[in-house]
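For reference, chains read A, B, C and D in written order, and residue numbers begin at 1 within each chain.
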Amino acid sequence: MANSEYEYVKKFEQWDALPPANWIVVRVDGRGFSKLCKKYDFEKPNDRGALDLLNEAAWEVIKSFVDIVLAYGQSDFNCPNSFVLHKSTTLFERRASKLATSIATAFTAEYCMRWSTHFPDKPLTSPWPTFDGRCVCYPTREILRDYLSWRQADCHINNLYNTTFWNLVLKGGMSGTEAEEFLKGTVASDKNEILFSRFGVNYNNEPELNRKGTVLYRAYDVVNDAAESAIKRAKADPSSKSQLEKERKRKQKARIEMQNIDLIRDRFWQERAYILAEKVGHVLSEE
Amino acid sequence: MANSEYEYVKKFEQWDALPPANWIVVRVDGRGFSKLCKKYDFEKPNDRGALDLLNEAAWEVIKSFVDIVLAYGQSDFNCPNSFVLHKSTTLFERRASKLATSIATAFTAEYCMRWSTHFPDKPLTSPWPTFDGRCVCYPTREILRDYLSWRQADCHINNLYNTTFWNLVLKGGMSGTEAEEFLKGTVASDKNEILFSRFGVNYNNEPELNRKGTVLYRAYDVVNDAAESAIKRAKADPSSKSQLEKERKRKQKARIEMQNIDLIRDRFWQERAYILAEKVGHVLSEE
Amino acid sequence: MANSEYEYVKKFEQWDALPPANWIVVRVDGRGFSKLCKKYDFEKPNDRGALDLLNEAAWEVIKSFVDIVLAYGQSDFNCPNSFVLHKSTTLFERRASKLATSIATAFTAEYCMRWSTHFPDKPLTSPWPTFDGRCVCYPTREILRDYLSWRQADCHINNLYNTTFWNLVLKGGMSGTEAEEFLKGTVASDKNEILFSRFGVNYNNEPELNRKGTVLYRAYDVVNDAAESAIKRAKADPSSKSQLEKERKRKQKARIEMQNIDLIRDRFWQERAYILAEKVGHVLSEE
Amino acid sequence: MANSEYEYVKKFEQWDALPPANWIVVRVDGRGFSKLCKKYDFEKPNDRGALDLLNEAAWEVIKSFVDIVLAYGQSDFNCPNSFVLHKSTTLFERRASKLATSIATAFTAEYCMRWSTHFPDKPLTSPWPTFDGRCVCYPTREILRDYLSWRQADCHINNLYNTTFWNLVLKGGMSGTEAEEFLKGTVASDKNEILFSRFGVNYNNEPELNRKGTVLYRAYDVVNDAAESAIKRAKADPSSKSQLEKERKRKQKARIEMQNIDLIRDRFWQERAYILAEKVGHVLSEE
């Protein structure tokens, strides 16, 4: 039962490394999550427990993949999560299938295994929640930012719609079909008006978690400066190799920040220039 | 916060549909499973509970993806599992990333959520088990069979090595390094001889589960014939549309068989010609 | 001016090798050939000189790429030519861009440089004729044959249309627009009838060159048997290495046949089983 | 002979559009050009006629593909030519095979058909010169510039080597093998020294054509400003549609400049900021 005569089959695997120097977004989407929402009777339009679970899962994924610089999770029930890998990453030799499956399975495991903490009274049963994933390359910082702006604008649009829809259904006594029909052709200001005049809801006072989604990022600021100088000292003194390694690890452990914050305007990025810096964790000006 | 100015970013997603008419293998491998083996103190060279868990997870994956005609799981701790999708599948428009991530996350969820049944005394803790996955296309039945033969020959080679190695360590009192050194350059017959003369182990009497790995396939045989004629009857009588649908579903629910059996010789395939038939669940001769 | 700091740019080239074991078709199409037809006042519906030039160019391309087993050229003015590379070819490591550009530029050079032989009175002037090209993989003989059948059926459909159209214009006194309008919605039998009743043309008597297009293939039959046994003799006698090489070359020089013949029915392929044989130039039964 | 049953074969063609917003380089290399050099007895180390022919061919290619902003041709006998398409190009929907084959066949046709002008006494005979081609994407201006720097540094290194090698052979009386051996392990300064001390050649006085290769680019400067304002006027006045079209064409016809000039330092790019401008033919500052 020698193996050699079959080994030619290895050649059928296509090499799928993503091009260098591009920012890689691994986007992960819930599969069939509208069914899941019904099955576990999630609160409308946003279930706090479900969002917390998603964000905790994303947090853990970032913790285990040190080349992820930022993740953005929309507040949809469909819960798309975008993980941004630094453009210089060589993780899995940048192979698309390895990246997408490793991140998507990690996210799935976190989501399933942490479920019971967030829903102690709703045991998770088969069929389990699963996620699909894909890699997309963005050649420049500007286009990557446009991608994230697109996602956050989408989150806003969906959340405004959902908030209005569910107010019409839950408080306004409409059926789902009636509410859908009623909202056809309305623009953002119409929905704001409906919310305010009918239900006394000022959309701008809705939780930012729902309106803006959740941004998670490695906060390299303070930690980083200390680590950087320690690394420099360690490099200067070749005897302190273990020290160098220790500092590197500290750097990797840069705390992860979670915020419900605007990603579209410049402010977020200006104040945290290290997130999209040329080198991981540096500030842009240093380059 | 209009979305339109950002929508151009959608165009960066590359279309990754696999070519038609090829058999698609989605291979799923455990990530860092040698650590996992140590952490949960798996029995050497094969842990029955761990193999049962893998096979149960694979079984459930087949159940949820009706276009999978066969899966083969090696008995390695690394537990590579190959899921074969029928060449005619149009699942997810044959998009590689969708296929790989959906199957890999389903496998991960099954593995994590069914863990406690197989290891009631070893609670699963973070970091959770995860899997990577990839799609490979095989243009013909013959090459697909060579792929599966390659995997099964590999399973045999690894298992013979592991069985000998662990006998040397556990019963022979060698250290891991010593056993490794001792086995360097040995061929199959040498290992058989070592097992027999030193430890009284006849390798051919080792469990087939370990030596052959596990084959899971949709058994279309009997069920199929009945379903086929029912479908034909239903088609002839257009009033019985719901009947047609019912039969179709029955067909999809063809029972799943699990066997530890030789895939390299022709016999398996001749007796179950429907597995690689031109049309899902038909016999080759009908085509 | 050291080069090393820039060498990283090499990594941006994506590896584009086509999957093994697939038949590779390189299809080459004339760019903007309707303009060319007008510029050089080609005869309608088929210009014999133009077709001869195309076929001569294809012939020469086959001669220089020994892994091409067959080529099929349609009689359109657009002159698509399909070059079939044996599924086992390792030419240019099967890289798609190398294959497509090498064959397309060879075809272009032959077409331009042989022009004056076929059109001594119409000197070729800038802009020169050029061609685009692409590679397509076909996983099995059957699908490859379906591809060629598709092309030949297409050739027939276009030629019947063009023959009718130009008879209506040149002999029937219609304008182009009138003829187009007149033929809208007609099927094959209508066109046959128009040709016969109006112009006394029996389409089946039209030249096969126009109706069937042109097949070029390496004829391995007789030459091959002789070469094969010579190679076997040479292999048995290791001293005759140069003899072996000589025979191999003779085999490569298998004469090229050109025929206007049906590719859709089985006969062509049964009588020349060596064309799509498992090994280049063998007969199928030997495999 | 209906076509419909075969049309499924169209689906085997893979979609190969290059990702948006990347600069596309189509690189074209001579196939087997060392043989060609011998056959036509090109002058060593650089044949002026051969270089002129290449540059004329490149010029004509730029003229016909308006989205090419710059081309760079090395002075090697192998004559690699890099054509840079603006990152915003939608030519052929950015399909890699269409781009590579269309440009490579155009280059081949120009090279073959213009041969006799440059070599009136050396008629071109079969096998004709041909070229292969490939597309490479560069995500940013900076990396594209590094690519071009790499090519120009390579040109310099090769030309210095060739100049020294051929002086040793032609004037120094060495055989090719002797010269090769002699130069093994030498660095740039060694070669400069050999050239100067042995043959009185100051490498820096060698023609820039040989040392720097040839840059061709669309010169949008002056023409552009005039055209821009004319286009603005035309847009403001909707009645002057034909005027608008005329100006657009004038813009497209921006004259093509040919220079043997340094591409590695910033100066070239600063003085011609429009070449890599965000919008074709604009200046960077306008964006």
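In this section, a contact is a pair of C-beta atoms (placed from the backbone, for glycine too) under 8 Å apart; a residue touches a chain by one contact, two chains touch by 3 or more.
If you want to know which protein each chain is, UniProt gives these names: A, B, C, D = tRNA(His) guanylyltransferase.
Values in this document were obtained by computation on a predicted structure and should not be read as measured data.
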item: Third chains touching both chain D and chain A; value: B, C
item: When chain B is superposed on chain C by its C-alpha atoms, the rotation angle in degrees, nearest 5; value: 180
item: Proportion of interface numbers common to chain B and chain D (over half same, under half different); value: same
item: Centre-to-centre distance between chain C and chain B (centres being mean Cα positions), rounded to whole Å; value: 43
item: Gap in Å, rounded to a whole number, between the CA centres of chain C and chain A; value: 51
item: Centroid spacing, where centroids are CA-atom means, of chain C and chain D in whole angstrom; value: 31
item: Residues within chain A bordering two or more other chains; value: 8, 12, 14, 19, 21, 137, 143
item: Complex contact set, residues of chain B against chain A; value: 1-3, 5-10, 12-14, 16, 28, 31, 60, 64, 92, 96-98, 100-102, 104-110, 112-113, 124, 126-138, 143, 146-147, 149-150, 153-154, 156-157, 188, 264
item: In the complex with chain A, residue positions of chain C that touch it; value: 8, 11-12, 14-15, 17, 19-21
item: Residues of chain D defined as touching chain A within the complex; value: 19, 21-22, 137, 139-140, 143
